[in-house]
Each structure stands twice: as C-alpha cells, then as structure tokens.
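After this come two complexes, each holding chain A, first together with chain B and then together with chain C.
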Partner chain A sequence: MPLLPPRWRLLVLVLAVLTLPIVTGVLWLLLTGWFDVVHGLLPVGGGSLENWRFLWTSVGGRPPLRIPLMNSLIFAGVVATLEVVIASMAGYAIARMAFPGRRGLLGLVLVLHAFPAVSLLIAIFYILRILGLFDTLLGVILVKVALELPLGIWLMKGFFDYLSWEIEMAALVDGMSRWGVFWRIALPMARPGLLALGTFALLSAWGEFILPFTLIVSSQRWTMAMYMQSFLSEAFTDFGMMAAVGLVYAAPVLILFALGQRYLLNIYTGGVKG
Partner chain B sequence: MQVQARLAREATIGRARTWARRHLTPAAFLAPATILIVLFFLVPVVATLLLSLTDISTVTFRAPRWVGLENYRYLFRDPFLPRILLNTARYVGLTLLFNVGMGLTLALLSTSVRPGYGNQVRALWLLPRIMPPVVYVLVWQGLTREAPYGLVGILTGSSRSWITEHPWTTIVLANGMVGASFGMLIFTSAIRSMSPELFYAAAVDGATTWQTVRRVVLPLLRWPILFVTAYQTLSLLTSFEYILLLTDGGPGFFTTTVWSLHAYKLALSNYYGNVQFGLGAAMAAVLVVIGVVVSVLYLRIFNFRALIGEPKIEVP
Partner chain C sequence: MRGIRVRLERLSKRFGHVVAVQALDLEVAPGELLALLGPSGCGKSTTLLMIAGIYQPTAGAIYFGERRVDHLPPRDRDVGMVFQSYALYPHLTLFENIAFPLRLKRRSSVEVTRVVRRTAELLGIAPVLDRYPAQVSGGQQQRAALARALVKEPQVLLLDEPLSNLDAQIRVQARGEIRRLQQELGITTMLVTHDQAEALAMADRVAVFSMGQLLQVATPDELYRRPANTFVARFVGHPPMNVLEGTFTDGQFVAGSLRFPLLVAAPPGPGYLGIRPEDAHLRGSIPGRVVVVESQGRHALVTVDVGGVELKVLVDQGDRPAVGAQVGVGVEPPAVHLFDMSGVRIEP
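After this line comes the complex of A and B, so read on.
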C-alpha cells in the first residue's frame, strides 16, 4: 500500500473529473423519466406522468409490463439458485474428494473460465432447437447457468479450500454421509461464498440481454432486457418513456448499489470475471 | 468356515464401498455441473465446427448437406472481409488500450488518496458493469442526442447524434467504461498487497511520488497488466453485445461491424431474409478455435492458479 502523497487532494479532483461521466449518466437516468422534455440534465416544461403509462397499459402492441417483469424475476431467481447449488456441489467435490480425473477437471474448469462462451451462441441456438427448449424460459435458464458454471465452480472450490477440514472430518468419523456433511456442515460454513456468488449471479442474470434476445421469440416470454430493447430499436425513440422503463428495470441494481456498494466492491474484487 | 465366508463377504462389501466412495459419491456431486458443461460447452464446440461444414440455412434447416470447406472459401472471397477484419482489429486494439490505461490510472490514483475516497470512486466505476446493458446503452443514447436534448450535443453544438457522427469513439468509450473496472480491481489488489517497506524505502531515498510509481509500482504490476491485457483481448475478440445495441454494425454499411457481430447476424438475424446458418457457424468456428487454443495457452503461461489465485472474498 503506497503512502499518501502530499498533494493527494489534487488527485481526488482528477478522480472526480474522470468519474463525472458515470455520475452524469446515473443522474440522467434518475431524472429524465419525470419530465416532458429534458435538455441535457435540465428539465424544460412540466412534469409528466404520461411517460409512465407503460405501468398500467400495454404500449404499442407490447405485452403489459407485468409479463416481462415476472419473467425476469423468475429468470434471475432460478439462475442464481441453480448456479449456487450446482457450482457448490461441484466445487465441494473438487476441493474435498480424491477421484480419478480430478486434475483434468480442474484444468478444464480453468480453461473454460477464460474461454469466451459467446462464440458458442450459434451452436447453442441449434442445440436448443434440437432439444425442444428453444423459445422457452427453461432453455435460456439452463444455458445461462451452464455458461457461468466454470466461474462459479472455481469460486466455490476456493471457498471450500479455505474452510478448515476438521469439523467435516469429525462428522465423517461419527458416521455422517458425505452428502450430510456437505449440506449440514460445509454449506452453512461457506455462507459468505454462497451469498457472494448468489449476488453476482442475480445481477448478471437480471441484466442478461444477448441470450434471451437470441433464444426467445414469443413476447409472452420476453424478459425486461427484451422489453426495453423493443423501445430502443424503434425509429423515433420516446426518450422520456424509455428512461422511465429503464429506471424501473435498473431500480433493483441501483438500490443494491446504494445499500451495499462496499460489499459489491469486495465481491467483484474476489476474482469475478468482467 | 462360516467365519471365513463372512470375512470374505465383508471384504467384498468393503471393497465395493471403497469403490463407491471413490467413484459414485464424487460422480453424484459432479453430475449436474458435468451435464450442463457437456451440453452447453463441449457439444457446442464440436457442433460449431460440424455446422460450419454444412449448407444449413432457413431453407435447408431440416436437411442440411455437407459442403466441406465451401463456407470458408466463400468467406475468403467476401469483398467485405478486409473491412470487417480492420474493424475488429480497431475495436479490440482501441478498447484494450482504454481498458488497461484507464484501469491502471484509476488503480494508481485511487490507492494514492484517503481510502474512503478511493473506495467511493472504485464503487462508482462498478456501476457500468452491474447496470443492465440495455439500460447502460439507453443512457449513452440519451446523453449523446442532438443539440437541444443531449448533453454531448449541447457541449459540441452538434445537430446530429454523436453515435451516428462518431460511432467508433462511442463504441470504444462505452465498452471501455464497462471494461476498465476489471483492470482497476486487479491492479488495486496488486498495489495494496505491495509491502509498505518498499514505499518507506523509496521515500527515505528521496523519490518523488512519480518516481515511486515509475520505478517501484509499475515494474511490480508487469504481470497483472499482462494478464488483464491477455484476458481482455480474448473476450473483446468475441464480444459484440454493446456494438449490437449501440450501432448495430452501422451507421451505413458495415461501418462498425466486427467479426463476431457479423457471424451473429449471418447466422441468427433475419436481416438478409434467408439466414445463412452454416456461413455464420464458419465465422464463429474461427473464433472458437482461437478461443480454445488461446485459453489453453493462457493456462500454461499464467498458471492461472497464481493469478486468479484463491478467491479472496472478504465479507465485512
């Protein structure tokens, strides 16, 4: 850790200038939806609830908001749950059990962690068609979980490596099964890790765009990302309403950020890929 | 006799148990992960290669024919190929430069001020990454609108959207602001773990802050910088999400179309009426092969274990 240079306040100023675009962007998002017209960050003309009519009516042939909202909640919730459970099972096996092929598996997980999974999208589209899972929420959920598993397994393996092995050993000697040890002893001890991976998975699934955009067609199965994109791709964009929709969509993220930015910073420092 | 038989039987059961413990239990723990990874990683790698050898398209989806390397030959005859290659190089190169440069700047500056300020700045830089990409792009579009509406438009006095006027600048900046936090966090951990004695020693020797950064910190950051560069090169090469949302490869003809976006559009968008799935797969196959080779190479060079290391998630 470097020492504090004498003129560090000047550096704070430089940092503030560099970070200004981000703050400006957040302000624009918080502000624009509430007014008729906004010039830059200055509201011109009166306030407007017209921008928010998507809350109670369906706009321009789109499904009503509750459908994509519900789909996104299901999508993010199921993805995070599955990812945490499946990754900790596999991570636990790699951290605690000796089995043939363990080293090879660890190597595979690491290679896949660096491998850019988006390049497989075309083949995944084809495979979902064959499996009959194309245009279903379940299909996209499975794909999203699978693509994030290498990261999750690696993270959870690290967590279990970190836990002391004595309590588990004692339980095994007392005749508890591996399965019982995993559920009743190891998982509760790894709670911080589960929470970290769960938070990451929730955020990542909530924002996911390219997978549902590619693998879902019916508007009944749209997620929030697709609902928003349908506004973005219009020829004449109604920025007021879009900012309102965007604010609704981004609200959980902004709230989480406001409440737990230190926690998020720790999670993302812990080796989560970007 | 009976005792011997029982002993033998128990030995068999014991062996069976050992076998089960060694094979079945780990297999049960690993089964769900293995199924998903095989289904959506390993099979797609093979499928991409196989599909690229067929003429599969909307018309021939049910009964594709083998065409050998025809798709690849077609690809190399494509008059737009040089343009797409140039775009890809430009996108990866410039974004990488911004990502690593900005990540390094933020890490160096934010570790040289009071920790409270440093953390605040780093947290804010996480926002572009955790924002849903669609909302992030909306904010960019809103801020870069033409003169009376968008802030950038007001500042530059332009009557056109900045995205159509300077598509490349927008793409690099938008991608870069998402990517910079990756390097920022890795460099910050590296800087924080440097021993304070180094800095005391430098101070005692009368080194200025800049000299300390130049002669002490930067040399120690050599490996993290190389790692971030290598890692992001590979992900940028295949990423197209923000380009798709910001410019959709335009404005005009292929202005900002990169390799991965072109592959995606050939295979999966109805833009050309008949979707040329096989051709798109051939373009994707090139990326998949590069991806496999390079990520195996990274594992060897970086000994990932040391760099990603033990995940250190500290919970306050």
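After this line comes the complex of A and C, so read on.
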C-alpha cells in the first residue's frame, strides 16, 4: 500500500485519537469476557470459560439465554417487517397519490417523528393495560412500530419521490393494475430503500431497552437488553459475565452491519446510488 | 385500417384551484396524426394523460369510437404511449421491455417472441434486444419505447414529447420514421410537442394550446397561412411572425410613426398587424434603418427600425445589408395578417 500524503496522515491521526474511547470499550469487552480478572486493560491470571457459562446454564434464577435471545429475535424481526410493510405503503401513498389531508398528514408525520417517545411512556403503559397487552411481546412490538413509523414513512416517501413517475405511468398504460404497479414496479425500484429501512429497523429494535424494560415484567418475555441489564445489581455485579453477554448481544449487530452497511449509508446520505 | 375516432367532449382538468384544461372539445379522425402544440404548462400533456387514463378528468367525456372510456382504468383503454423519458423498465432487457404488455395479456411465449421480434425489426433495434436500456443509445431507447407502445396493437397511440430528448440530427430522422410507421399502420395518433417545426412536419392537423385553452385546430398549412389569433401567429412559423401593436384608421395601420397602407378594410380602432419575416423584403418604400443582421445560412434575418417599430425581414444571404444602412421595407399586401384588439384574426 502506498504511503498516505502528509495531510492525510494527520487526518488519520486525529480520527484515531477520536475513536480511541470506542476502541478501548470494545477491547475491554473482549478482554473482560475471556479472562477471570482484568486490571484496566491488562488481563491478570488465566483465561477461562467461566464467564460464558450462561450459554449452557441458567444463571442466578434468570431464564436460560435462549429465552431472551428468541424474544429479541422475534421482537426485532416482527418490528422490522411491520415497519417496512407499513412505511412502504404509507410512503408510497403520500409520494404518489392525491388525497384529502395529504399535506396535513405529511406535517403530522414530521411532528410525530420529532416527538420524544420517552415522554409518552406513562400513557402507553395505561393504554396497553386497558388493551390487555401489557407484559406481552406483541404490545411492545406495536408500540415500537408506532414510534418508529414516522421516520420510516418519511424515508420511504423520499425514496419513492426519487423514482420516475413516468415508468409507473408506462406500466399502467401497458396494462398493469394500480396494485401491480406498486408491487412489481415501484417496490423493486425502491429496493435499496426497503433494505436500508429494514436494516435500520432491525438494529433499532435489537438495541431497544426502555420500551421492553417499562412494558414487560415477566422474565419469560425478557429481551436481550433486559437480560443484560439484570446482571447489574447494587450488591454484586459480575462484570466478566456481563461483558460476555454483551459480546453475544452485539454479535448479530456486527454481522448485520457488515452485510447491510451499504444500504444504511443510503439513509445517512439520503439518496440512492447506482 | 385499425385507427379509431377519438372524441373529447367538454374535457376539463383542475388541480386544486389551477385549471390545467378548460372545457376542451376535440376530434381526431381514424388514422389521423393530430399534434397538440403549445408552450410547457399549456395543458397538452395533461390532456394526453387523461386520454391514457392516468389522470381522471374533472369534467367532460372521452370517446374511442362509440365507446365512452373516461371512467376506465388505463389497461382497459387499449392505448399505447411513449413518454418523454421513454420510461423503459431499467431492470429489464429491451426484449422484456417490449414484451411487457404482451406478458400482461398472458400471450403464449411463442407469440410474444414472434411479435417482439417483428416489431423490433420494423424499428431496427433487433440486434440490441438482449441489452438493458442503460446500455443502448438514446435513439435506440426511443425506438424501444415506441416498440413497446405498438406491440399490443393499440387503437390509439399517444406520444408525449417523444423526440425532445434526442440529438437534433437524430430527431429529424426519427420524425420521418414515426410518421411513416404511423401512416403504414393507420393508427390514430396524438403527439404532444412544444416544437412547432415538429408539429408542422409530422401532423395531419395541429391543435394549438395556451393556458389550458384550445386556440386553433387546423392543417399545418392553414395554421401557417391563417393563424386564428396573435398567439398562434407568434408561435407557429420560424422565424416568428412580426406582430405590431397599433391602430387601424381609414385604410392604414398606424404604429409609432409607421403608416402601413392596407388593401382590405379593417374596423377602425386599436389592433395588431402581423407580417411574416419571409413575406417582407427590402425593395419597398417604407424607410427604415438596419439594427441587427443575423446569419441563418441561406438567409439572413434583418431587424429593421421603421418609425420606432422593429420589424424582422428575411432576405437572401446575397442581399444582406450592413448594420446601420438605410433601407426601404416592403410587404406583399395580401400577405399581412390583421387582428383585432383582443388578438382575434380579422378575416378580410
């Protein structure tokens, strides 16, 4: 590899310094998970699998790992699916169709997106109680989807705005139904947007903590974030095992990010390339 | 002859408070090519999209033959359409693009292949059928779009600025090809364009639009010789007609210090005098001074100041005067056009 020009070397140095805290955190996570005792970043004593025993046994009255893992997978999967399906339809309607109240809806979506979701928690709690959805995975899924939808709709509207309306007109004239055009022309052309939104929704739901923490009680319905939180206690915190759980929790995200980063970039730069 | 008569009755379209098309009555004869001509935003594309079924008319009716179609979705109207951007499906090869309408009609794959091949050969794009739209030239994309519109043998062909994305050179060639094909197939065709040369060259009749209103429907020849109002007079013909604002008084048209003798009677009062640059010459008796001379190849367009009014005169390149020269402008009197103060043509 050729040497970088001096200006770039300086930039790389600055970036490296800025990234150091994050790198240190990840390093700590890796080391703490594998060694019995860690002082600072220095492992003391030998490594063992002691911190990883939660993988095959239930630890301290907590449910076995597969329960929160499965719950988190269901939670993230269903949230992402619902979000993509609803946001693509709503975004398409707002982008393409003239209907009464369109402008008002557009403004409302924007306002809702800006609304801090945490401030709604108490109201949501009561609503779920009334609906009998408190302490159910379905309840949290619905809440999460509802809170994420404004962003999703806005993003999908942006992607559909970017598509050629004439191509859809051509498909109509060629003999397709309005639904057919949406499914077979518009959606395939908006694929980068769907993938971006899907990946984004998966990541966001996978990392969600405050909603399940507030709206779920039974340990049988814990998500991974709650499982991990349960290791924090005032009396004694097993940082070694917590780090190991953290690694398990983070692994799918890293994999997804590696696979989906191209689509995520579409969201962050706000356009479709290629 | 598979063309069909298309009839628009009091057709209107409003977008909110904006009137795009206002109570349009228009008829296209079977097998005719009618051009809808006008500047952008005049309602001509909206009209085409209503005929295609993309836009729902706010009021009025559309008939194909005896069948009323304005309530039908596009797929039940049997129209083919070519869009300005060609609107080819980017993820399909040209073959699949052209085959698309046939596949939707669930034709057998043997028939699809046969019809697509035949249409592609007719349009000279058979060698590139396996390529994707992005891999062929603009002219080939345009032909593919035309092939896709023709492949299902529609009753009506709609062309929305089909040539405006082509290079000037190919455009003139494509003009002729589309016209020849349309005449061979005898298909009723409506062409939307803002290019008056394109409309005059291709169409049997031309409908001139402005601000959602139909101003005149006539053959290209008629449009050129007898424009119905000052808008059509200025819009059709190149270089555009001189339209002078002034007053008609006993046998004369007065504008500034220009006094132009009229051979026909016009009601006295304010009005407009139209003179085509090609009908004027510099061998006349109205004194003027040359302001600008533009070279146009065989001809030169000379702007002459006559009594405070600028008049454009087309002369042969060999007769071009120098800027600043004193000349005598003349017009063959039968070749002038008179319009009243609201811009409507006064028939002699």
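Going forward, the second predicted complex is superposed on the first by the 242 of 274 C-alpha atoms of A that agree within 3 Å, B and C clash if a C-alpha of one lies under 4 Å from a C-alpha of the other, contacts with A are read in each partner's own complex, and residues count from 1 in each chain.
Assume a residue touches a chain if its C-beta (ideal position, glycine included) is under 8 Å from a C-beta of that chain, and two chains touch if they have at least 3 such contacts.
The shown structure was predicted, so the numbers you read here are calculated from the model rather than taken from an experiment.
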Which of chain B and chain C A:237 touches, first, second, both or neither: first
Chain B versus chain C as contact partner of A:74, first or second or both or neither: neither
Comparison of chain B and chain C by chain A residues contacted: B
Partner chain in contact with A:87 - chain B first, chain C second, else both or neither: first
Touched partner set for A:163, first chain B, second chain C, both or neither: neither
Which superposed partner A:24 touches (first chain B, second chain C, both, neither): first
Touched partner set for A:146, first chain B, second chain C, both or neither: first
Chain B and chain C footprints on chain A, overlapping residues: 178
Chain C partner contacts - residues on chain A that touch it in the complex: 164, 166-167, 169-178, 185, 188-189
Interfacial residue positions of chain C with respect to chain A in the complex: 49, 52-54, 73-75, 79-81, 83-85, 87-91, 100-101, 104-105, 148-149, 152, 158
Chain B-facing residues of chain A, complex: 1-6, 8-9, 11-12, 14-16, 18-19, 21-26, 28-29, 32, 37-41, 85-87, 89-90, 92-93, 97-100, 105, 107-108, 110-127, 142-143, 145-147, 149-150, 153-155, 158-159, 161-162, 178-179, 182, 192-193, 195-196, 203, 206-207, 209-210, 214, 224-225, 228-229, 232, 237, 239, 242-243, 246, 249-250, 253, 257, 261-271, 273-274
Chain A-touching residues of chain B, taken from the complex the two chains share: 21-23, 25-30, 32-34, 36-37, 39-41, 43-45, 47-48, 51, 102, 105-106, 109-114, 117, 119, 121-143, 145, 148-151, 154, 177-179, 181-182, 185, 188-189, 191-192, 194, 196, 199-200, 203, 209, 212, 217, 231, 234-235, 237-241, 244-245, 260, 263-264, 267-268, 277, 280-281, 284, 287-288, 291-292, 294-296, 298-299, 304-305, 308-316
